[in-house]
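Each chain carries a letter (A, B and C) given by its place in the written order, and its residues are counted from 1.
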Amino acid sequence: MFHYTFHWNQAFKALPQMLDGALVTLQIALLSMAIGLAVAIALTLFRLSGSRILGGFATAWIEVARNTPALFQIYMAHFGLGNFGIHLSPFTSLLVGIAFNNAGYLAENFRGALKAIPDTQARAGRSLGMTSLQAFRLIVMPQMLRVAFLPVTNQMVWAILMTSLGVTVGMNTDLAGITQELNARSFRTFEFFAIAAVIYYVIAKAVTLAARAFASRMFRY
Amino acid sequence: MFNTALSWSDLVFLAHGAGMTLAVTAVSVAAGTVLGILFGVIRSQLGPYWAAPLTFVLDVFRSVPLLIQLVLGNALQSIMKLGWPPFTTSCVVLSLYTAAYCTEIVRGGIDSVPTTTRRAARSLGMSWFQDMRYIVAPLAIRVSLPTWIGLTLGVMKDSALVLWLGLIELLRASQILVTRLQEPLFILLICGAIYFIISLPIARLGGYLEKRWSPND
Amino acid sequence: MIEIENVRKSFGSLEVLKGINLTVKKGEVVTVIGGSGSGKSTLLTCINGLEPIASGKVVIDGTDVHAKSTDLNKLRQKVGIVFQQWNAFPHLTVLENVMLAPRKVLGMSKQKAEEIAVKQLTHVGLGEKLSVYPNRMSGGQQQRMAIARALAMSPEYMLFDEVTSALDPMLVGEVLDTLRMLASEGMTMICVTHEMKFAREVSDRVAFFHQGVMAEIAAPEQLFDAPEHAETKKFLAATH
């Protein structure tokens, strides 16, 4: 019907190579999440600080991260910083771009989580003689973590999907990059990218399931 | 004064790119929403068990990078000798991608209508369709619209990836200018500003509706 | 002894307490009744310093609550409060809810805190629910847990702010029984309540609040059977 012969054998031979790429993908995603979480906490504190400069900085970061394409943010890191004589490798550009994006979205999630805990909880803690810091640490924060956990997991999945954008700035060691290289050599586009799609799907599902299992152990209420 | 090689015709070039971004977004969101409503109704009608195959397929669209989907879509249309231009391929893939998210939004909206309300409608003698049309739809749209606007903005941003198939949309247009003029930061800032200009009114509308329609009004 | 002297308090332009004077002696049970917006709940949060006051004084055992130098955290260990909304900590089990403050605020050992928590929870009839999370319990049970949580700090005074108002009618009884038990054990209590029968039974004195003023205070028999103030009569007629 299609007059096209699929060459799956050739593609499957490249599987070990692609799985190596998948490890790089996972590595970038995890690193970008770690950086993103740390920055997001800082941005959240900036917003709560009451300082106009810090608050404005945090708001600007969050707005740019949420209102421009992730690919734009990666381009900014890769090409834009060139203006200052900073030339990042594809790996670093990708990492910086995704981490920037993660931080913006996560900071917004944290704000939502903070809002979701009623003031009466901290008040109940204070009325038992806790200091405001104790009430925050022992009562508000544990509940906040639970509210924020699902969005953080989602962001992790997003980070994995975003790593595929590295190929547009010449990244060639992650799953998308390796797939593209294999494709350029053999022109078996469909076969290679179909396998890549399956690997991405499996990684995304594995992360989601692992997070769910972790959550059901952590948050038993 | 600030010196730039950026000329008036370059700005027109960027505007054309932005036009392409808007065109791809408009087509994909429109088609994706129609499909999403269809799938969403089917999903909530069939229940989780019978809708499982549909749920799975839609989940794949949400768990595989869009870039990979675009490449696969393009490869598939060439294998099938459909002869689609990149614009068509891009819109088809983005529509399905949009539909996958929209289905969840629609289903969430429908499920947010209390069973008791729907029973009340049916007990007044309304048909399933009348119940959907006069009771469920107005309530579900209220719940779903802010999220749907978020989806539209998301698709607008994600549409940048169609540059991989050779379409010259806003980001690709900027990249071409960057290569030619060697003023990366300045041109990318303009590009980012255009994304903001496009998305801000839509985001504002979303925020407004969310406030206006919050459940405790 | 809790001494409230001419306390005034406003929210914006609305004055909710217009000069309240009240002294509660050790071992005394005072209930406060009155319509909504009469300022009775606000008074409680002013007593333990959760709300600042505009003028006047609240003195507990010689300590001025609203003085700058007062360590409110220390003071609150002595004055327990239970709210209308029980504010269970949803992320902790019943036992952990009660143990938390003794451990972190009083610095008790885990063992000691657990011992006290178990004792207090058993006391309010929740000895079987130690490892349950609050959202698995009824409102009445959660409210009794909140009482045990406050009691675990071994307070000398307890403030109860409409603790049965948010409960289903069926569950009101079990919470009131807990309060009766505390009263009979000699706890010093100030209860804001809408339960007239309960107020009559347990109180040494009943105070009637009206529009930020303590219109009348008297022994329960007198206040309920022979009220002097016109507003008290109106209120009692409406609630009976």
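Everything that follows uses one rule, which is that a contact is a pair of C-beta atoms (placed from the backbone, for glycine too) under 8 Å apart; a residue touches a chain by one contact, two chains touch by 3 or more.
Note that the structure is predicted; figures quoted are calculated from it, not measured.
Chemist: Let me check something: if the centre of a chain is the mean of its CA atoms, which chain is farthest from chain C?
Modeler: B
Chemist: Can you name the chain whose C-alpha mean lies closest to the mean of all the C-alpha atoms?
Modeler: Central by C-alpha mean position: chain A.
Chemist: For the chain pair with the highest number of C-beta contact pairs, give its two chain identifiers.
Modeler: Most contacting pair of chains: A-B.
Chemist: So, what's the distance in Å between the C-alpha centres of chain B and chain A?
Modeler: 20
Chemist: Between chain A and chain C, tell me the centre distance in angstrom, where each centre is the average of that chain's C-alpha atoms.
Modeler: Taking the mean C-alpha position of each chain, the two centres sit 48 Å apart.
Chemist: What is the distance in Å between the mean C-alpha positions of chain B and chain C?
Modeler: The computed centroid separation for chain B versus chain C comes out at 54 Å.
Chemist: Name the residues of chain C that each touch 2 or more other chains.
Modeler: Within chain C, no residue touches at least two other chains.
Chemist: Give the list of chain A residues in touch with chain C in this complex.
Modeler: Listed in rising order, the residues of chain A that touch chain C are 120-121, 123-131, 134, 138-139, 142-143, 146, 219-221.
Chemist: Write out the stretch or stretches of chain A touching chain B in their complex.
Modeler: Per the touch definition, chain A meets chain B at residues 2-4, 63-64, 67-72, 75-76, 79-84, 157, 161-165, 167-168, 176, 179, 189-190, 193-194, 196-197, 200-201, 204-205.
Chemist: Spell out the residues on chain B that touch chain A in their complex, using ranges where they run on.
Modeler: Per the stated touch rule, the residues are 60, 63-69, 71-72, 74-76, 79-81, 153, 157-158, 160-161, 163-164, 171, 174-175, 178, 183-186, 188-189, 191-192, 195-196, 199-200, 203.
Chemist: Any idea which chain C residues touch chain A in the complex?
Modeler: 48, 50, 73-77, 80-81, 83, 85, 87, 89-92, 100-101, 104-106, 133-135, 146, 149-150, 153
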